[in-house]
Structures are given as C-alpha cells and as structure tokens.
Amino acid sequence: MQSNLEYDLQCSAVKKHFGSVRAVDDVSLDIPKGSFFSILGPSGCGKTTLMRMIAGFESPDSGDIRIKGKSVVATPPNRRNVKMVFQHLALFPMMNVYENIAYGLRCNGVSKSDIRLKVHDVLERISLPDVASREITQLSGGQKQRIAIARCMVLDPDVLLLDEPLGALDLKLREAMKIELKLLQHQFDTTFVYITHDQSEALVMSDNVAIMNEGKFVQTGTPQELYHNPAEAFVAGFVGDNNRWSGKVKTVTNGIITTETKAGLTIKGSARGDVKPDVGGVVSIFVRPEFIAAKVSAKKSGKSNANNNTIDGLVDSILFNGANSRVLVRDKVGELIEADVILTGGTDDLKPNDPVRLDWSPDQTMCFVG
Amino acid sequence: MRATDIKRLSLYLLFAPFALWILLLILLPHAGMMYISLREKVAPRVYEFGFENYINFFNEPIYWNTLIRTGSMSLLVTFLALLLGFPIAYYIAKIAGNRSRGALFLMCLIPLWVSDLIRAFGWILLLRETGVISSSLQWVGLIGTPIEFLYNDAAVIMGLVYTVILFMIVPLVSTLDGMDKSLIEAGYNLGGNGPTVLRRIIIPYAMPGIVAGCIVVFMLTAGSYLTPILLGGKNSSWFTEQIYDQFITRYNWESGAAFGFLLLAFTSIAVWLGLKLSGQTLNSTVADT
Amino acid sequence: MASANSNKAFLTGYRVYVFAFFVFMAAPLVAAGSFAFNDSLFPSLPWQGFTFDWFFNDTEPKLGMFHDRRLLRGLYYSFVIATCVSILSVFVGTCNSFLFVRCQFPGKDFFYILMVLPLVIPGVILGISILLLASSLANGLEETLSLELEFLRPGIILVVLGQFSFITTITSLVIIARLRKFDDSMEEAAFNLGASRVRVLRTITLPFLFPAMAAAGIVAFLVSFENFNTTLFLVGSEAPLTITMYDRMVKVGSTPVLNAVSFFLMVGSALLALISVLVQRDAPKT
C-alpha cells in the first residue's frame, strides 16, 4: 500500500497477539480525510486493541500504522497527534473544565494567553461557553461528553479516536448525542474513528463502517452497503434485525434459490456473498422484518408476485413500539416470524389470533453458504 | 525496547525501599532473634548452639503457665470483644440513620486516636481505691469503706476489651456495610425469624470481618504490655512482662529472645488455626480492612 | 400487636445497650481529661474547683505541663520522632502502592503477605528484635573494628526505625486502597494529550493520591505519637512523651499534670483526626 496524503489514517497488515490469542489479525484500513469512520464489532473482537495501537498504548507485532502518510509505530503515545475520547471519558476530577481543556495545551508549551483564547474558542464551538470554571462533578452526562471531545479538539488532532463514549449514557441522551456527535464532526471537519458494539450508533453517524469479528475486518463499506448487501452471514446477522433460518438448497433457477428449512418451510431466496450455493448445500437464510408484509388473510387485496414467498399463520402477539411496531406470527410449523406493521390505533389493526398471510420477495431473502 | 527498560528500572526502584524495609527491619531482626535464642551461655562471652533457653522455658512452670494464661485470657478478651462489638457494629452499619452512622463510627474510632497509656490512666482514675467509682458509691451510701477495683483479672480483661474492641468493630462495620439490606428482608420474607436470619444470613456474610477482627484483636491482646501492667499491677503475669523482665531486668537476652520467639510462634499458630477453622486467608481478611 | 410491641421493646433495649456502650467508651477519657481542671494535688474526687494551674502554673507543687521541662522535652522528642516516621512511612507506603498495584513480578502475593505481616507481629517483639540486631551489630563492630556507631544504640534513630517498621504497613494499605480506585485511563488520557511520564505523575496520579497520602501521614503521626510497646525497648536518653508519662506514673504516682498532658494530647489528636477526615472527604470521587 502506498502512503497517500488523501488519507488521515492508514493501517496495513497490523497484527497483535496476546499469548495465543490473536487480538488483531492482519487488519488494513484507509480512512479518507475528514470522514466519520466506525469500527463495529461484538465485545472481544479486538476493536479496542486496534484503537489502543493507533493511539500508541500498544505496539503492533507487525504491520504499519501511518498518520497523514507518516509511520507512527515508533512514536510514543504522547507525541502522536491522535487524540482519544475514552470509554468513561477520563476527565480529570481534580481539575475544573478550563484546566481539563488547557491540559494538553500546557503540555505543548502554549503560552498562557493563547491557551485562554483557544479554550474559550473551543467551548464556544461545543456551545458550552459558560462552563469553564465548573468542576467536572457539576456537569451533566452530555456536557461531560462534549468537554471530553473539546479537550481533544483544542489540540487540533489529525485523527480523533472515540472508544464507545456513549456506552455510559441513558437511552434518550444516547440518541441525542448520536446526532450531536455527527454535527460536531462536520463542524470540526476532523477524521473521527469511532468504536462501538452498538450497530445503530455506527449506522447513524458513519460515512464508512468496518465490521470486525475475531480480530479481522469482515466487511468495510457505507452503512447502506452493509445493511443491504452484507458480504457474509456474520455481517447480515450482526447488522440489523433478522428472521433467520437454516435450510437445504433444493433447486437453483434464474438466480432464485429454493430451500427447505429443517422445520419444513419452503423459502425462495437469492444468493449473497462470494461463494454460490450448490443444490444440496446448507445455507443460512436472513430476512429483515421490514421487508415482510403481513396482511389479514381474508382481504386478498394486494397483488402479490407469484415468485414471492407467502406463509400463512396466526398473529401470536403484537409488539407495539410506535413507528417501529411489529407482529409475531406463528406459522404452520410453529415457528415465530417477525414482521413490521403499521399500527394506526384504528379497527383495521392486527390483533392476536388474526389469521395473516406473510409475503416477501426472494430478492430480500439473503442466503449465505454455511 | 525502551519501554520495557523503563518498566524494569521502575520496578527495581519501587522494590528497593520495600526490600530494605522488610529485610532490615523485619526479616533480619527476627532471624537474629532466632539465632540468639538458640545460643547457650557456657562461660562469660562464650556461647554454644543449643536449645537450652527453650528447655528452660518448659522446665519452669511459671514461664509456660504465664504463656498459657496470656493465651487463654486473650481468647476470652477476643470472644468478649466479638460478643460486645457485634451488636454495635450491626447497629452502626444497618440500623442507625445515615447522619448518626458517621458520628457513631467516629465515636468508635476516638479511642484509636488516644494513647493506650491515657486510656489505662483513665481507668486507673476510675477504678482505684480513691477513684471516681469507689468514692461515688461511698457518697451515695452503697458502701461504707473504699473498694479497690484495680489489680485483679476482671480489671485487666475489661481494660483489654476496652482497648481492642474498636479493632473488632471497624472491620465488622465495613463488611456489614457491604451487605444489602434486602438480604435480611428476604430472609424474613422467606419465613425466617430473628435468630435464624442472624445465624444463617448475617453471620455467614460477616465472616471475613469477624475473622479479621478476631485476628487483630487476639494479636493485639496477646502482645499488649501496658494495660495488663497498669490495671493488673505487678502480679498480672502477662507474658510480655516476662519478656521485658528477661531483657531489661535480668539482662538475659538469650532467654528473652527465646521467649519472644515463643510468643510469636504461639500467636502465629493461634491465628493460623483460626484461619484454617474459618476457611479464610490472611490476605482476604486483614489486608482488606 | 404483640409482636410489634416486643419488637419495639427489643429496639429500645438495643438502643439502651448502644448508649451504654458509648458511655463505657467515653468514661476513662472523660476521667483522664477532666481532672486536669481540678484544683487539687490528686486526680480524684471530691471536686475542689476549676483551675488552669495544671497547664500554666510555674511553681511547685502545682507545676503546670507547659513549665515542666521533662514533659516538654518528651513532647518535643515525640514530635520529632512522629514527623520522621510519618514522612518515611508515607514515602515507602507510596512506593509500595505503586509496586503492588502497578507492577507485575513473580512472588507478588507472597511479598504482599510479607508487607501485611508487621501489623500482626506484637509490638514488643518488633521492639526487641530490632534492639537485638542493632546491639549485636554495634557490639560486633566495636569488638572487631573498634568502630563506635552511636545510631545503633538505643535512641531516637532506633525508635524511628522501630515505629516505621510497622506503621509503614498501615500507610501502605491506606495508599494502596486509594490507588486501586484510580482509573488507569486517566493516565492514558494525559499521555494522549501530550504529557510526559513525569508530568502525568505530577499532575494526575499524585494529586489523585494526595488525600490518601495526607490521611496516611496523619495516622502515622498519631500512631507514632502514642506508641509505647515498641518504643519502650528502643528508647535511649531522649524519651518521648508516652515513656516520660509512664515513668512519672510508675515512679511519682499519678498527678493532675498527667491529666493535663492527656487532655492536651486528646485535643491534639482529635484535631488531627478531624483534618484527616476532612481531607479524605474532599477527595474527588472517580
């Protein structure tokens, strides 16, 4: 890989082992200037180790890490222009907000008057101009978050690393902070590398997301690509909600695969991933709830495509959640299938024990070998 | 790598003061004491290796009687401290309101900040023939002539319990503090009565604290010097007194060292037994409180 | 209801017991302190009237403590000893805390037990073992090299070492407990912001540890000040206050001047204890 100034951060073939555990195994990435990049993976997948290597708290066994084209593997953490927002923020409790933000500037030997100017400027930019003299304990969760980011941004870093900083917040605040983080990234126009195990955080905020599992990058792409065109069963299962079956391939015609599940359902789907399934092979089948239409069986109104999957069943229960409401439908073999529905509160709404027909296209049925 | 060099260097630098402290002030002195206790004086300034000092100890009933007496009285003091201290610790940790809890805990700690000597002195003023209790009783008219409350075993035991009880209460409070109140409520809710809840839930939970408190209290009592002497008088026959006697009065360092070692061995065995019987470790109890 | 009534009676009885217990805890201290103000030659009833003579009077037979040369000297030596012990033991305790919390080395558990050990060795034994070693060393050096090393003879240095030997365990435990609560990512954050190793220690870690170090220092000071058992064997001609008081008590018998000293020490200790509580309360939580 060549070093390129277009990229703020590049990793090439980075490896790190702890004993026999391969924490990070041959990871390469290129993050373009000014983008919001997320690394998404289950806990223990090595994403924190990767981030600590980028920050310099761990050194890779092999491979290279470049920031703005320059290798930083031999640079100690306090000399890298990569700043990090820690999981629990790590704001210094013995200092007030002003001193927290000024800390890095003082370390760099910036003059007192410049420090004052820069601290107030950055507080202005995170729209907390009046908190300079507050103690850390007097801040709310969201304010602490912003101070932790300001403390890094005041140093004008090449890359800002964020290690699941929203994990400790409650749900409402987390939703608000997602949007705010995205706006802050636009405002500072700095490359953000965001680590999380929460897919919705990654999908909402990122320009690009890398899915990481067992030390490797499984797939890298835009959120839409990952959601609609997962490269592997792991990605399909990890990103977004799914109805999931395991089935045997009966026939393959015109790109449509007909499979039979263990319980005896016949499902038509389309092959995804690099390996095409053969007749008789085993596939994992994924269907997202929003692609399944659930209609009351009596009304045969909608014209359904002849190729579509249709399954009759009874409504088992209604999972009301406003715009994200779902029904659980028990099919004839006794399995539960989730489907999105719109519940208006009127009399037409589905009720438990209503007979329904589920209907979805084979294009939306993702089949992966294995 | 440079980072590992720095790590190693800082390990050595940090280990040095620890090693100097433990080696020069704890291990070497005790090894020396052991060595001296195994010396026999055969002529002035001529010594031989042997167990004479220890044999002397076992041949002289006064000596080993004193040790046994010290040991059994220390056990009694430990037991009394536990019995009296547990309700207090429980009250502080679980019953007292938030505000009074801190105050009560501090009050328990007050004697810690006051020297043994002053505490014993206070008791002397209270208990002696011309002391506060005797003269108050006379003034009320309950007794006709002054009574000496000092210089008996009861006074020694009471004084010792007084001196050490806070070392029982402090670890108990800290373990009981960690116990969720709902554990007790669940115990009652599931049909237990007071004694069963105490026996089945509270005491097992507080066990590390109980063991830690008992160890510290036992060691402090067995090794105490001032309280038995001041409250028990010259006849209190406490083992530390024998050690002092051998060292300072008789200037017999060899046998003094042997006595010291015997006290150490005796208390260590007692503590070891206590740990074995309760299934705890030294680390899990003493270190955590 | 009967059970509610018996419960109430039980609780009342419990409260009475707790109250009685605290009376028991306070009684000797009150007795030791209050007779300092009795205008009598003996610290006993009846009450002869209030006086400050036992503090400030400058003539026999009611020589006040602030005019009693030997007591004042004892106070001075105690102060010197306690200061040395607390500085030394806080220093070594801080080193120990980093050693046991931050470093990995073989035999760590064993060394930790060694560190806790001095706390459970009777003070008398600590005293005599150090005395024996120092004296043997001094005698040996004198005989073989005719070297006279004064500091190995009973005196202030041995007293300081003797007290230091077990007080260091206390300070170590206090500081270790605090360092265990330290969030390591705070140091990493400081590195990340560009601080050097020394700067991180100076601006982040030590300020975080400071409340524990101060509290440990105060505890060390107080424990040293009131220590008797270990000191007794190591003391030379420069007797600290507890030894002087004990001598006075045994040789002269109790006089109210001892009550005055007791009162003075209790108030001093209470103030220091208060400071240590306040220092720890202000400690920032993490």
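Should a chain be cited, it is by its letter among A, B and C, assigned in written order, with residues numbered from 1 in that chain.
FYI, contacts are C-beta pairs under 8 Å (C-beta built on N, C-alpha and C of every residue); 3 or more make two chains touch, one makes a residue touch a chain.
Only a predicted model underlies this, so the values are computations on that prediction, with no experimental measurement involved.
Trainee: By count of C-beta pairs in contact, what is the leading chain pair?
Mentor: B-C
Trainee: From the centre of chain B, which other chain's Cα mean sits the farthest off?
Mentor: Taking each chain's C-alpha mean as its centre, the farthest from chain B is A.
Trainee: Please report how many Å separate the Cα centroid of chain A from that of chain C, as a whole number.
Mentor: Inter-chain centre distance comes to 57 Å.
Trainee: If you average the CA atoms of chain A and of chain B, how many Å lie between those two points?
Mentor: Roughly 59 Å separates the two chain centres.
Trainee: I'd like to verify one number: the distance from the centre of chain B to the centre of chain C, where each centre is the average of its C-alpha atoms, in whole angstrom.
Mentor: Chain centres of chain B and chain C, defined by C-alpha means, are spaced 16 Å apart.
Trainee: Two-or-more-chain contact residues of chain B, please, as numbers and ranges.
Mentor: none
Trainee: Mark out which residues of chain A touch at least two other chains, giving numbers and ranges.
Mentor: Correct list: 76.
Trainee: Give me the residues of chain C that touch two or more other chains.
Mentor: Chain C, residues with two or more chain partners: not present.
Trainee: Of all residues in chain A, which touch chain C in the complex?
Mentor: Within the complex, chain A touches chain C at residues 55-57, 76-79, 82-84, 86-88, 90, 92-94, 103-104, 107-108, 136-137, 151-152, 155.
Trainee: Residues of chain B touching chain C in their complex?
Mentor: Residues in contact with chain C: 6, 10-11, 13-15, 17-18, 21-22, 25-30, 32-33, 36, 84, 87-88, 91, 95, 104, 106-111, 113-126, 128, 130-132, 135-136, 139, 162, 215-216, 219-220, 222-226, 230, 240, 243-244, 247-248, 253, 256-257, 260, 263-264, 267, 271, 282-283, 286-287.
Trainee: In the complex formed with chain B, which residues of chain C make contact?
Mentor: 14, 17-18, 21-22, 24-32, 35, 42-46, 91-92, 95-96, 98-99, 103, 105, 109, 111-126, 128-133, 136, 161-162, 164-165, 168, 173, 197, 222, 225-226, 228-229, 232-233, 242, 245-246, 249, 254, 258-259, 262, 265-266, 269-270, 272-273, 277
Trainee: Provide the residue numbers of chain C that touch chain A in the complex, in ascending order.
Mentor: Of all residues in chain C, those touching chain A are 183, 185-186, 188-196, 199, 203-204, 207-208, 284-286.
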